[in-house]
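Letters A, B, C, D, E, F, G and H mark the chains in the order given here, with residues in each chain numbered from 1 onward.
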Amino acid sequence: MKDILDAYAAGAIDAEEARQKLLQTFYAHGEEFLLDLHRRERLGFPEVVLAESKSVEQVIEVTRRILEANGQVCISNLLPEQADALRAHFSNQELRIAGRCMTIGPAADPLGCVGIITAGTSDIPYARECALVLEFMGVEVLTAYDAGVAGIHRPYVSLQEMGKARVIIVLAGMEGALPTLIASITDKPVIAVPTAVGYGIGGKGIGAMISMLQTCAPGVLVVNIGNVIGAAAGAVRILRGFRKDI
Amino acid sequence: MKDILDAYAAGAIDAEEARQKLLQTFYAHGEEFLLDLHRRERLGFPEVVLAESKSVEQVIEVTRRILEANGQVCISNLLPEQADALRAHFSNQELRIAGRCMTIGPAADPLGCVGIITAGTSDIPYARECALVLEFMGVEVLTAYDAGVAGIHRPYVSLQEMGKARVIIVLAGMEGALPTLIASITDKPVIAVPTAVGYGIGGKGIGAMISMLQTCAPGVLVVNIGNVIGAAAGAVRILRGFRKDI
Amino acid sequence: MKDILDAYAAGAIDAEEARQKLLQTFYAHGEEFLLDLHRRERLGFPEVVLAESKSVEQVIEVTRRILEANGQVCISNLLPEQADALRAHFSNQELRIAGRCMTIGPAADPLGCVGIITAGTSDIPYARECALVLEFMGVEVLTAYDAGVAGIHRPYVSLQEMGKARVIIVLAGMEGALPTLIASITDKPVIAVPTAVGYGIGGKGIGAMISMLQTCAPGVLVVNIGNVIGAAAGAVRILRGFRKDI
Amino acid sequence: MKDILDAYAAGAIDAEEARQKLLQTFYAHGEEFLLDLHRRERLGFPEVVLAESKSVEQVIEVTRRILEANGQVCISNLLPEQADALRAHFSNQELRIAGRCMTIGPAADPLGCVGIITAGTSDIPYARECALVLEFMGVEVLTAYDAGVAGIHRPYVSLQEMGKARVIIVLAGMEGALPTLIASITDKPVIAVPTAVGYGIGGKGIGAMISMLQTCAPGVLVVNIGNVIGAAAGAVRILRGFRKDI
Amino acid sequence: MKDILDAYAAGAIDAEEARQKLLQTFYAHGEEFLLDLHRRERLGFPEVVLAESKSVEQVIEVTRRILEANGQVCISNLLPEQADALRAHFSNQELRIAGRCMTIGPAADPLGCVGIITAGTSDIPYARECALVLEFMGVEVLTAYDAGVAGIHRPYVSLQEMGKARVIIVLAGMEGALPTLIASITDKPVIAVPTAVGYGIGGKGIGAMISMLQTCAPGVLVVNIGNVIGAAAGAVRILRGFRKDI
Amino acid sequence: MKDILDAYAAGAIDAEEARQKLLQTFYAHGEEFLLDLHRRERLGFPEVVLAESKSVEQVIEVTRRILEANGQVCISNLLPEQADALRAHFSNQELRIAGRCMTIGPAADPLGCVGIITAGTSDIPYARECALVLEFMGVEVLTAYDAGVAGIHRPYVSLQEMGKARVIIVLAGMEGALPTLIASITDKPVIAVPTAVGYGIGGKGIGAMISMLQTCAPGVLVVNIGNVIGAAAGAVRILRGFRKDI
Amino acid sequence: MKDILDAYAAGAIDAEEARQKLLQTFYAHGEEFLLDLHRRERLGFPEVVLAESKSVEQVIEVTRRILEANGQVCISNLLPEQADALRAHFSNQELRIAGRCMTIGPAADPLGCVGIITAGTSDIPYARECALVLEFMGVEVLTAYDAGVAGIHRPYVSLQEMGKARVIIVLAGMEGALPTLIASITDKPVIAVPTAVGYGIGGKGIGAMISMLQTCAPGVLVVNIGNVIGAAAGAVRILRGFRKDI
Amino acid sequence: MKDILDAYAAGAIDAEEARQKLLQTFYAHGEEFLLDLHRRERLGFPEVVLAESKSVEQVIEVTRRILEANGQVCISNLLPEQADALRAHFSNQELRIAGRCMTIGPAADPLGCVGIITAGTSDIPYARECALVLEFMGVEVLTAYDAGVAGIHRPYVSLQEMGKARVIIVLAGMEGALPTLIASITDKPVIAVPTAVGYGIGGKGIGAMISMLQTCAPGVLVVNIGNVIGAAAGAVRILRGFRKDI
């Protein structure tokens, strides 16, 4: 770019030519510029590698590259052999695992507090993955498991334990009624995650998801079935707002 | 049949011939026999005429025929012009109407008590039809409208008002969580009726229905969307049990 | 609570303070109160552990806890290794198994009689699980297997065997027509359970379920595909009514 | 073609040239040839004009053209204004109408007998259209309306009236169980037509259709919802076999 | 029955009493009567055992019972171990196998001829099962495999080979267009069988099935995905008509 | 409650009796207590009346009641006659309307800023309703309409205009890609609202909704099709966090 | 931009400052740059206004703006009153209409030839809209209507008439088999458009669409149901390639 | 044919007889004629063997036959054992493999250039199969992997690398937004391939497919989920146009 500026300053090219060349430069190097822009965004949430559909080699390679660039990486939907290979390969790194999810690298700076409530025991593995990712992002996590609506008092009690949390993530399968109940007794942001628990019509989380989207409680925000990383990312977006002056 | 018996008594035919003829008789007149059998069943619930897909003349004709045979008739899914025509034609009969449902003839003998709980104001027209049919069958009906889960205490309070009821019919649209909640705080039979309230994915009662089928509360029994007559009939079947010695 | 009462009695706090403190107490200990309430409900039906999505350790732990609290427990959707582990761990208990369902602890007090009718041989495993759970709840079970509609007389004959039953549970896959037929020849409560028998369009029980919800017989009550425990619980709710004065 | 033959006979072209020209001729006039072929097929069933998506002018024009070519035509899914226009325009023709279906021209030669059984009153309009089309094809039609499964004996009785019929067409909406029942008590060909009767999940004939495809009775053949013309055409195909020596 | 007749003849009971007793007799022994009736139907098509959802022991037991009663039996959806066990157990019987389908016992008397046309190589296993069942029923089978529409002439050629056939069974997966084409160039009955060939949207035969139900060719009759036994049974129903005088 | 305390203080009842009576009191008056609790929640978002399924009288009555209790009310899914009636009846109130949504009463205290971005012109009516509700809640609203992905730069530019906003609500129909794009260039919370714009497969907003749930951008939070009130309520939940110390 | 260049040339800012300012300039004016880029794209296909969901005023306003900018505009999904208003408002413009589609302004320069084949008469309105848009883009259009597969020769004959066409657009509803047939007898690009013709299962074009996606002919490219503009745009993209040297 | 011509020339038959015989000849040998016709089509794209549903022997046999006839063959959806067997059996042939796809025989003559862009790493295996098939057809392939919309600049940059390509094939799973973006910044033909990447609602590529069909960018042409061979065939159809004079 300096060359163009100098050529213009030297009168070797006129203003229009300079403009053209600058635009071309920009155009040619658009990637870097935009990557800069993109990096700011990435500060908000770590790169997540979807392992399942990749070979062991691909997972390690992609993980290594992101780790070099960002210093931290999150891998989801891990198969056992992928998890083993990553553990072996990055044994000198700070490495944590929950369910099919792994984080490598140090956790981010403290960001605030999020509560996770689950409807049943079957939802706990999802909650653990969600907590892992949140803690990796610097979030303090409060949990209340097994708060399902079949015991009508449990949602109420579980919410009592969420005191400091600025966002509540609610995980439920089956009929997925818990987020509706939680949202009707708190004014905090509620992110609902349907889990793939259920059977027959509406099974595999379909019923829970539809139920959450049809909620009669105002302001329940939903992610796809089992998308705990999306829920965590949504919560992180909210928490980051508290650190900014706008 | 007497002819066959007499022929046999008179020796005009032998036993085998008599047996053949009797079977043929039965076979030929199977309808009447089975209609007898059937009538006993009908005592349990009135004939219901689905008006919507019939002409005004057909509705009147079918109604008249059932009324003559049974002394009472219930008509559902009435269009306004059908309702008007029926009212005009059967003006000398005891005639009640709720929403798109009409009953003609005197109510049956007292049968017991059923409670109806609705989640929201939009469910009330369904509840009114359900109550009409139940009362026509001799059932005392207790109602608690607007007991939706968005106010977590409301299901609980609504149940308090159901004291004498032997069956609870719960109507809900949207996310359909109310029957799950009711069933988790009572051990009475709970019949869940999804109503066609809702929008977008899971709209027109689909979400409510799936939610009720996926319930994590044990023993919620479900009928199709808006099928208040089926729910009433199910309740009547249960109540009739209390009048029998088995 | 006594401390508050005494403080008030001693004049250390005034009535309003006492009221506040009592409410806080209640609020803080709401769980216990509500658990009491909940226990009454549980008397109606045992806790059911959904095994499938839990580890062997979790299943044993949850089972043990419920067993200590309630004296009986039912586990469903068992994987073979879970079943083996439970059998080993609770070998000193009264333990029964059918299909993927297990009960531990003594059966409840006698509660009445339920009939189970299946459409085909493939539905029998479902019926066995259903019977196990019912018997565990103190219910006498009558069965008539293979009463499918392809033999038009079979539904009729099967119903003859249901004499004493106060509720009929009908299991069917494929086109799911059997509950409709049964309900058109009895006035007893009919609970329909679609089973995951079928293929192609409407397979895995979807066709049977839809058929049952679309029934033209009045009062067929439906649970989700394969939900024999829900059906059993629904029947138990009905039977318990016969033991109460309302 | 004769020109080519003559040119070859005259030695004006050689065998290869003649072959090329003949193929070109064929290729160019393939349509006529194939139309011939096609006509044989058409003898089996009249051209059917789907009126609904056409303008009044288009319907009249298409009808006129087919009528000129074939001497008879069938029009389906008629809107009222289309029906009126056709009646006016072809007033000098033999013209019959049932529901939204019209036939113009004389009926075909006698072809045999088909039975039509309906489950409920709402299915009768479909049956009338089906009968109209069959009779137009020369088929004698026997009917038994309102043979629904809710009265278990009715299917049986209705079948008694089908004596001479070589094919049974069964129309049913709701849970669509009737074809299964009919097929389990006759060995005649059974063509099942789901009608758009029903509501909620599986409504608009979806439940009936799925039920018929999932039938546990062997050999039930199905057409799309409300496709009475397809059912009639299928029956005609079967009947025509009886007139051939193969 | 003779006792009742004699009692009447002897004047021990009057006509009304006799009538009541005869009806009771009939009622009590309805099963046998209806079984008689049913047996006639069974002559039309052999009992088919759906093996998949049964244990090896159950399959053998059911097979044995039907074989004793009827002299022939057909088993479908066989798992390899079930097939092996049947082969071992019924080694002294005439036993044929195709794909997952097995027949035991001698074929029925000759019944006529059916043609089977498949769209692609992947449909052939379905065709083989279909042919096995048909031949077991005494049907001569003509086949034309790989007649798919991607080669526009192939459907036409394949039909040429079907000369003697009175019914054409067409199997197709993917876009399922073949039955439409066949039905537009023959006036014979066409039974369409969608096969579970395909992928993505409309995969597993859904697309083929819908296509067949939406056909613009008149009179295509459809069975569920992969239901070759239903198709065979439908063809047998048609063929049997040619042996009757009505 | 004071009576019980006094009775205890006076020694008229012992501690256990007092405890029992206090619990009964609580139990009997649970509603009030919980309503208190509930009221806190309501402060977060106004009561919303779903007008569509109510009569004009019902809408006015419910509106009046809420207005008396809360001083402000929001009505959605208004039919024209309902809107007219409300305008006439509450003409002395501060009343605003957008699309099918109306607010009555003064706006709440300032709460912060939310940005609304729409993909196309067809989404603007949804945006207007959303803005109305947000402003009623005291929220400052920034808008950028027509930012659809078909012009790749538009999402980027639209985001530039959202400076002060703490939450971005993105509305899109058709393929619903916009929220994904917005979420990949901002770290603010993104709430995605599918609109009922589209046709054919995935029409009526289904495609947009699924697309938003499948997003590859982390942290997109979704509400049901057209649920602008839910989106507004979700945003309000987030904004309220900024006013609290936790 | 010249100011920055001059400031640098004058030494008022250094190279780094100049770079920063240029980037900011770009950033701030990114829209214009990208609009330039975008305009090139738009040359490929006119802006299309989706009228249906807009008010009459909006449609006129948007149309006017695009017309001023581009000199031509296409409006789709017009309601009658919108069409009338546009006709009145742009009466001094070259204006053409087909079905619910309108073009305003002169057609583009000649671009090549496209063939349109329809399966049935009901597809012709779609074809007319498609032709209108293509001709507006400078495309010569050949048409062959009513080439449906029910007459097996018709697809073949219709293709004969497509001689000069470089792309074939095939429209079909019902079972949607025509594109498969066309694609199996030509090696030209085939774009398949399902039309909303059909009923029952797979109705409204769903069956046709799935059929086209499941095609066994290689290389059939599909657009959404009724998306004739998308098909036209796809064809234009292909034709434009012939005018470029790459 | 010459015999007929000669017979006519010799006067042994008259013109009508000759015509009849010629038609019969054609009719009898229609297959060869049409095969000729068909072969021209086949030149456009190699025969593709769908391996998955065939036995190892069938795959080898079909492959061998096509190879003999055409000199080249493509096999898709290979199972590992099938791939091994083919490799062993055709070891003396030019054989290439990618993912589950194999080509045997020499590549076709150069045909032009196609670009392949993928949204994410998980789409690369699909891209490799697509490239293999294209290269086998003589197509030069340019690739840009991992151009997903989560980095908003990436689609733009990826397109820069597609300079020479006359067609762009875009593969994407999840929300499937990439083809829309690519199509909004290029006027080249865009073929969109949804891949089976995704989970929950809209998983297995359903969401991506619907998104592509709902695209707001004009002219995106779609194939079924994972149908890379269809996409390649579509591209080849377009490229072949450049080699013809029309």
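Keep in mind that, in the parts below, a contact is a pair of C-beta atoms (placed from the backbone, for glycine too) under 8 Å apart; a residue touches a chain by one contact, two chains touch by 3 or more.
Values in this document were obtained by computation on a predicted structure and should not be read as measured data.
Considering the contact criterion stated above, the chains in touch with subunit B and with subunit E alike are C, D. Annotation of subunit C and subunit D: jointly contacted by B, E, touch as defined at the top.
More than half of the contact pairs of B-E, counted by residue number, reappear in one of E-G, D-H or C-D; that pair is D-H.
Farthest chain from subunit B, judged by C-alpha centroids: H. Centre-to-centre spacing of subunit A and subunit F amounts to 24 Å, using the average Cα coordinate of each chain.
If you average the CA atoms of subunit A and of subunit G, the two centres end up 38 Å from each other. A straight line joining the Cα centres of subunit B and subunit H is 58 Å long.
Shown for subunit F are the residues that touch two or more other chains, namely 33, 37-38, 120, 151-152, 156, 184-185, 200-202, 206, 209, 213-215, 224, 227.
Pairs of chains meeting the touch criterion are A-B, A-C, A-F, A-G, A-H, B-C, B-D, B-E, B-F, C-D, C-E, C-F, D-E, D-G, D-H, E-G, E-H, F-G, F-H, G-H. Within the complex formed with subunit F, the subunit C residues making contact are 1-2, 5-6, 8-9, 15, 18-19, 22-23, 26, 33.
Those residues of subunit F that touch subunit A in the complex are listed here as 37-38, 40-41, 43-45, 48, 113, 163-167, 184-191, 209, 213-215, 218-224, 227, 229-230, 232-238, 240-242, 246. Those residues of subunit B that touch subunit D in the complex are listed here as 30-31, 33-35, 37-38, 50, 53-54, 58, 62, 194, 196, 205-206, 209, 224-227. Residues 120-122, 125, 151-153, 156-157, 197, 199-202 of subunit C are the ones that touch subunit E when the two sit in their complex.
Taken in their complex, subunit A has these residues touching subunit B: 119-120, 148-152, 155-156, 174-177, 180-181, 184-185, 198, 200-203, 206-208, 210-217.
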